[in-house]
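First chain written, first letter: the chains are A, B, C, D, E, F, G and H, and each begins at residue 1.
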Amino acid sequence: MEINKLEHLLNRFKSGETDLGQTLETLKQLPFEDLGFAKVDHHRALRTGYPEVVFCLGKTPEQVEKIFQSLEKYNDNILLTRADPELFTRLRNIDNRLVYNELGRTITLEVNERKKTGSVLVISAGTADIPVAEEAAVTASISGAHVERLYDCGVAGIHRLLAQTDKIQNARCIIAVAGMEGALPSVVGGLAPCPVIAVPTSVGYGSHLGGLAPLFTMLNSCAPNITVVNIDNGFGAGFSSAMINKA
Amino acid sequence: MEINKLEHLLNRFKSGETDLGQTLETLKQLPFEDLGFAKVDHHRALRTGYPEVVFCLGKTPEQVEKIFQSLEKYNDNILLTRADPELFTRLRNIDNRLVYNELGRTITLEVNERKKTGSVLVISAGTADIPVAEEAAVTASISGAHVERLYDCGVAGIHRLLAQTDKIQNARCIIAVAGMEGALPSVVGGLAPCPVIAVPTSVGYGSHLGGLAPLFTMLNSCAPNITVVNIDNGFGAGFSSAMINKA
Amino acid sequence: MEINKLEHLLNRFKSGETDLGQTLETLKQLPFEDLGFAKVDHHRALRTGYPEVVFCLGKTPEQVEKIFQSLEKYNDNILLTRADPELFTRLRNIDNRLVYNELGRTITLEVNERKKTGSVLVISAGTADIPVAEEAAVTASISGAHVERLYDCGVAGIHRLLAQTDKIQNARCIIAVAGMEGALPSVVGGLAPCPVIAVPTSVGYGSHLGGLAPLFTMLNSCAPNITVVNIDNGFGAGFSSAMINKA
Amino acid sequence: MEINKLEHLLNRFKSGETDLGQTLETLKQLPFEDLGFAKVDHHRALRTGYPEVVFCLGKTPEQVEKIFQSLEKYNDNILLTRADPELFTRLRNIDNRLVYNELGRTITLEVNERKKTGSVLVISAGTADIPVAEEAAVTASISGAHVERLYDCGVAGIHRLLAQTDKIQNARCIIAVAGMEGALPSVVGGLAPCPVIAVPTSVGYGSHLGGLAPLFTMLNSCAPNITVVNIDNGFGAGFSSAMINKA
Amino acid sequence: MEINKLEHLLNRFKSGETDLGQTLETLKQLPFEDLGFAKVDHHRALRTGYPEVVFCLGKTPEQVEKIFQSLEKYNDNILLTRADPELFTRLRNIDNRLVYNELGRTITLEVNERKKTGSVLVISAGTADIPVAEEAAVTASISGAHVERLYDCGVAGIHRLLAQTDKIQNARCIIAVAGMEGALPSVVGGLAPCPVIAVPTSVGYGSHLGGLAPLFTMLNSCAPNITVVNIDNGFGAGFSSAMINKA
Amino acid sequence: MEINKLEHLLNRFKSGETDLGQTLETLKQLPFEDLGFAKVDHHRALRTGYPEVVFCLGKTPEQVEKIFQSLEKYNDNILLTRADPELFTRLRNIDNRLVYNELGRTITLEVNERKKTGSVLVISAGTADIPVAEEAAVTASISGAHVERLYDCGVAGIHRLLAQTDKIQNARCIIAVAGMEGALPSVVGGLAPCPVIAVPTSVGYGSHLGGLAPLFTMLNSCAPNITVVNIDNGFGAGFSSAMINKA
Amino acid sequence: MEINKLEHLLNRFKSGETDLGQTLETLKQLPFEDLGFAKVDHHRALRTGYPEVVFCLGKTPEQVEKIFQSLEKYNDNILLTRADPELFTRLRNIDNRLVYNELGRTITLEVNERKKTGSVLVISAGTADIPVAEEAAVTASISGAHVERLYDCGVAGIHRLLAQTDKIQNARCIIAVAGMEGALPSVVGGLAPCPVIAVPTSVGYGSHLGGLAPLFTMLNSCAPNITVVNIDNGFGAGFSSAMINKA
Amino acid sequence: MEINKLEHLLNRFKSGETDLGQTLETLKQLPFEDLGFAKVDHHRALRTGYPEVVFCLGKTPEQVEKIFQSLEKYNDNILLTRADPELFTRLRNIDNRLVYNELGRTITLEVNERKKTGSVLVISAGTADIPVAEEAAVTASISGAHVERLYDCGVAGIHRLLAQTDKIQNARCIIAVAGMEGALPSVVGGLAPCPVIAVPTSVGYGSHLGGLAPLFTMLNSCAPNITVVNIDNGFGAGFSSAMINKA
């Protein structure tokens, strides 16, 4: 539940639009609404100032729909990740303001979009890494950050990256997304005067080990300004980058 | 080479204290001085505003000494990590302003210490994790951050952590250090409205796998504001936290 | 073969309903009936006081059907785990008293259900962990335990768990089910004055390694009252919890 | 802080032996005493009814000594695990009631030893597994359980185990300790009508992987009444067995 | 090319049925016939006295067909492993003497079946391990061994195995097939006075790691008379057992 | 962009066929053309003298098509790897000079094929390794090397390999492709007086670990003239062999 | 207790040298003598016809000494493996007939050495693998086999192995010992008409993984007559080879 | 045995300095001299044109000494790797022409040093990687290559590497040595028009996994001209580079 929704509730009570009983009933559902299979958190946005998020993997469409409906009552900004097109179609029928990012597989509700601030730069090493990069970019954006994208800049063709040194110098936070050998963050880290969040992807084969290879590359980086998130975790990178960007 | 050292160099030339040849000779050594076994970077502090760092592991004492002497010429803030007591004794003979942190195994030179700003909170899960936590704390501090410590707050006794909720709420960046199961960052992440850098440690045994167990715990955390560094990498966590704190 | 079935057999012999030959023939099949591909154990329930169990994974529907028919002759309580809906339909045609738990994928026969005793509390970290939690709950219940469920209580939102402290304090045995980072059992272990059985699940991605990440988390827990079962092994946790609950 | 120590404190206040200020000062240190490097928990024994425990690995002798002295003020039952002989000598000088188990590497303080109840059976597969078995046995005993030992009963000579079937049948909880292939718990689990806690040990070589081999053996056991603890974690097994034994 | 086929060739030349050119042409193709994608070995049976074998996995049906046709020219005993039913149907159209083992997925041609000698005993731990056990049994049989089968004798119900001690005592070589924890060979090894070949299977889940868990169990066995083959490698176990049986 | 295309561009400018503006526009697109999702490198062929390459895995057919069209403008030699038949059909519609290698899954455009020089020998251990071997052979060939193939020469039938000693002695560079145990390169390395590039394949099962087993075999080879590429990386082996062959 | 010792015992009773009580007392200690920390098996030699074996790793010298003294009472053939020189000196003082193999680290007692039969061939790939090969050779010999050794025959210099083809052709069982890439057994397997036991060793570095690399090589071998034992398990290979040799 | 030593032998026979018997005796020792624990190869240099090499790890000093003395009889160029200073002192007493490289731990005998040709460039990422780089450089040099060194050029400070682009452009073969994240070869590969041999080192900690992290980085590199050798295998890289350089 975001601050403005809470103010609205209290003002309606004050103005007599709702009575004490109704207001209490609403507040009582806080801090979370128990759907049995899920405890929907209505306080997080209030506590943190960020959108509510639903991670769709491993949840049935019915469960996601109920969670979404519970969230929608109190929130203007909602992000659903790892959402397939069928799920989008289903939810779109409920709320036609929803937007789908096909590559990033995100569904977003962003009512009264606020002005984006600061500068988060999302760099991907290869074309195949773009889905993860998009998840990161969408997350950072809905969390309030101004986002720029720079795709297919892997280090085996270093001139593509060096051509963008000014963008790297001017970002507040950089997200470096890479599969295969995952060397991109090390080079970016050495060029950037800001925190770099490294995201390994599952793009690769053989000894790539489903992304463990670039994950270990990034964890062992010599650049001191790099931190790492889980393989393919564009969401986590986007969320953290928005926090850093806002700091 | 920090900005003020560079200004000093140019001013001395302007005032005639040094001639053109000497000034050029000094500048020519930039951006790095080649010692054969190491290319000492005199531009990094200039580029980034952070101290010069020497990672001592795998270097001979002679190599560290030469690198330190090269750095000392142009820098006021120097940090040496993974330094054993013998190395400290050796370098102390060269420069008696050096300070040793016995638990964190760091050596620091901090001439004209600047005012520390912001708030970095370093939390450790257990007593045995303190060495890594100290490396992080010292690094964050010499990089300009005001640092607070909270040790032995593992989640198996959750009340110890909950008793410190206010500190967690007020930090700009939190470093959560944990060995064994490494669950601390997940709980801290849920309580904190700021970025949390998780540091797994090699404290544990058996299926702990030298720290891989808590590393994977942290990478898989459900909390969205967590990023991770390598096992025992207090330095990386401290450096990144200072960057975030400064943002 | 359960005690009451054995008594019934002997009483029928005593009363003349069956003759010596028939009775011996029945007893001769003990301790197990050899179906060629399986040796069906008719003594286990007798020995242990628990239901007969069929683990369906890796068995053909024909094999499961034959094993079930062999078991049904001497047992009132039968549990089939890892059973898909098609298998349930097939067996339902044989015995319409069978019950299917769709999430937990269990089929149960529970004739003359006995009173459930004690208190086993099943806690899941996330919505996606519920299938494993249900397998555990169903198993504990058919094994004689009174079971309570508490779902979606992951530690990244610690208030959801702390709100249930009284239930945790009053259980005789707790089953803590968690995928992702698997930190739930550590926190529960610290709050509970009873044994906690930790169940890692395969819910996760990337460095989750199919459940190895939460498995290692749980094995390395600092809480002293935690023991662990295999990834997704809700059955084993439910069975052991019922034994502990009964002790 | 155990119940009787707390009663003593309150009675002394009531009788006037201590005044309000002193009593409050003592209580204020609860629930834990902060030594800086450790938060010593004085409430756990009160909460759980079990001894206070210090895990010595990774702590300096000075730290262990201070923690012990802090615990000793309020507790009659203290267990220190992974303690080497030098540490024992050091602490013995402080409190000569301490007892050392050389194989199990435990130090125990057990003032006013209570009567042991129930029946915990500790079985080891080989001679080299005895140290872990002893840690388990000592822990179970100081936690209130009557403990029996059965050593060198590995399954490659199955007659050694079968010769002890009656002991296995009569235990309330069994701890099965095994290195090498770790097959012991599977056989014991099939014979025992009670919960079995399996403890893999690091005894082995080659593809034993420091104990991962028997750990995986135990986690994959077909016996339904087996739960597992970390490699070499005799303490955890002993503690949990005492809880189950007491249930 | 088996001895009797070679004799036949030479006799036909001697008797004038074939002339020198034809005979040489046939012999020239030896020791192997090069199909481009495969070099079919016509000398192995000659050298070793065992059937020709085609491992079908990873080969196209066309390739298998051509290899089979090449082999059939000179061999009476042919074994194809990892063959699906479609492949059998295809080859059956070429040679209707072929036999398919549905569980073991083997196709065999055994012209003029010789008398089976000695005694190879194939034991499986569970019902789901039977496919691998059958591959082993078929291989041992076509290689000349008299084979007995004993299925579903896992160690968690040790009485099922102990009931067969006499068969174990009388075998010349035993193949012990087990998935899950893979403990069967250790117990069998202790009971058997002959070599035991252990075969881990991929039957299991979670920390079973696709069969690595039972593989490591078997490699670490305390029984001295155990050797091990690859996961699911029934063929290798069957072949080696026949060699040992024949010795 | 290859040298001859660049010359053509400049000659057309010189002769007046194109004016300065058009020529500059073309050159400006260099060194790479930014398609948004990909930065197509037009300088590589110029820099390296090798064909342009598109790795199709993880790219959508639309993306591959656009990249191909961009490359085709400036290059005569193009190689697409990991291409399925559908993709070939799609691209064939654009340019009917394209050639598909079904086993190797490569698409090639080779306008004005140059004379192949030197000698690269591609050896495969088994029939199932041929797809990777073909990828290597096609790559080496389009990169200018004269290529010979030697398939199904695994070391378990060493005579097949020894029969080809002269080819091994006369090659400039050998590519040894092997799945299963991956022992082929060790034997070849000992026989060959030239560099051997070892390629592990994912052909195998069980403890083969998707190709990690032969990968580690090859990395640990005692032969001093062996270097290794990623599992199934026929392309990398082919490319490097062509470089060595050309040296 | 070997047959002849048992006969001796009974004859002494028959002849009146010992009375009934003494004889019964001796027999009562069977089938094993319980030393508390070890149950010494006096029946194994009787049951199996092989020497008694003590695996010294992980046992204290005192424990080994007591076990040896218990075994010596009833056995003429005793083998101690993984024994360091200090242990040998200690035991030599008790029984000066003991023999030490310095490379293989074995201690043997072989009273009335029997004639060695059959033919076990032990081949090592490198000089550094000899200790494991010696453990195997000594074990096979004391178990009754005639043993031949062939050292430093790795496949990277294949001519060294091919020069010994006749020995390979004539053995009843071959033990192939190899570290590094472990390719030796594959080649030997292809040349040998008898069972081959492959022994990986821990000789290697880097991706050798302490012997896992050659272990996996051997498990994945294409040769059908290979079985494998644990890394460095010369004893297991020697024992099994003797069983096969005797068959 | 090198060509010139063989000529010398034959010429001495021709001139009558040695008689037929002596000459034959010498030749008979070929192709290898059997020392029992090692078969010293006197033909390799003859066959390959490269120095004889002794890998000292795992060999006793006595064994190395004997192998060296055997080699010295017929070779002018000998390389010993992984040699500690004590070994050098021992061998120096035998032949004072030996040279020790302290960092690279190599001992070399290079009589009548030939002119070095071509250009092998050895680049190291960090100071701590120099020992491996030196092993590579010494090996390449004694194998006939002209070698240049470029140390401490890791990609986190990319300007250090870019400053050397001309050297990279002009080499015939490059060896790129890197520990930590191992990203160096990817960047070098993109800049170099020649084959790059990547050498991962064991320099690192935590998730570095003893060098597996950079090994996997290198194997997964996007640059097409990279092949890889084992962790710390400077020798293999040096030898292969010399072969490529000579091609």
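The criterion applied here is as follows: contacts are C-beta pairs under 8 Å (C-beta built on N, C-alpha and C of every residue); 3 or more make two chains touch, one makes a residue touch a chain.
Small disclaimer: the values here were computed from a predicted structure and weren't measured.
Participant: Repeat of F-G among A-H, E-F or A-C, where over half of the residue-numbered contact pairs coincide, is which pair?
Facilitator: Going through A-H, E-F or A-C one by one, only A-H repeats the F-G interface.
Participant: Can you check whether chain E and chain F touch via the same residue numbers (shared by over half) or via different ones?
Facilitator: Looking at both copies, the contact residues mostly diverge.
Participant: Would you identify the chain whose Cα-based centre sits farthest away from the centre of chain B?
Facilitator: Comparing chain centres, E lies farthest from chain B.
Participant: Just give me the whole-number Å value for how far the CA centre of chain G lies from that of chain H.
Facilitator: Between these chains, centre-to-centre, one finds 38 Å.
Participant: Take the average of all CA coordinates in chain D, do the same for chain F, and state the distance between these two points in whole angstrom.
Facilitator: The answer is 61 Å.
Participant: As a quick test, compute the distance in whole Å between the mean CA positions of chain A and chain B.
Facilitator: A distance of 28 Å separates the two centres.
Participant: Which residue numbers or ranges of chain C touch two or more of the other chains?
Facilitator: If we look for residues of chain C contacting two or more partner chains, we find 126, 157, 206-208, 212, 215, 219-220, 230-231.
Participant: On the basis of the stated criterion, which chains touch which? Give every pair.
Facilitator: According to the stated criterion, the contacting chain pairs are A-B, A-C, A-F, A-H, B-C, B-D, B-H, C-D, C-E, D-E, D-G, E-F, E-G, F-G, F-H, G-H.
Participant: For chain G, which residues count as touching chain E in their complex?
Facilitator: Against chain E, chain G makes touches at 47-50, 53, 172-173, 193-195, 197, 215, 219-220, 224-231, 235-237, 239-240, 243-245, 247.
Participant: For the complex, give me every residue of chain C touching chain B.
Facilitator: Its residues touching chain B are 125-126, 154-158, 162, 180-183, 186-187, 189-191, 204, 206-209, 212-214, 216-223.
Participant: Which of the residues in chain G come into contact with chain D in the complex?
Facilitator: Residues 31-32, 36-39, 41, 44, 57-59, 63, 200, 202, 210-212, 215, 230-233 of chain G touch chain D in their complex.
Participant: Contact residues on chain D for chain G in the complex?
Facilitator: 126-128, 130, 151-153, 157, 159-160, 179, 203, 205-208
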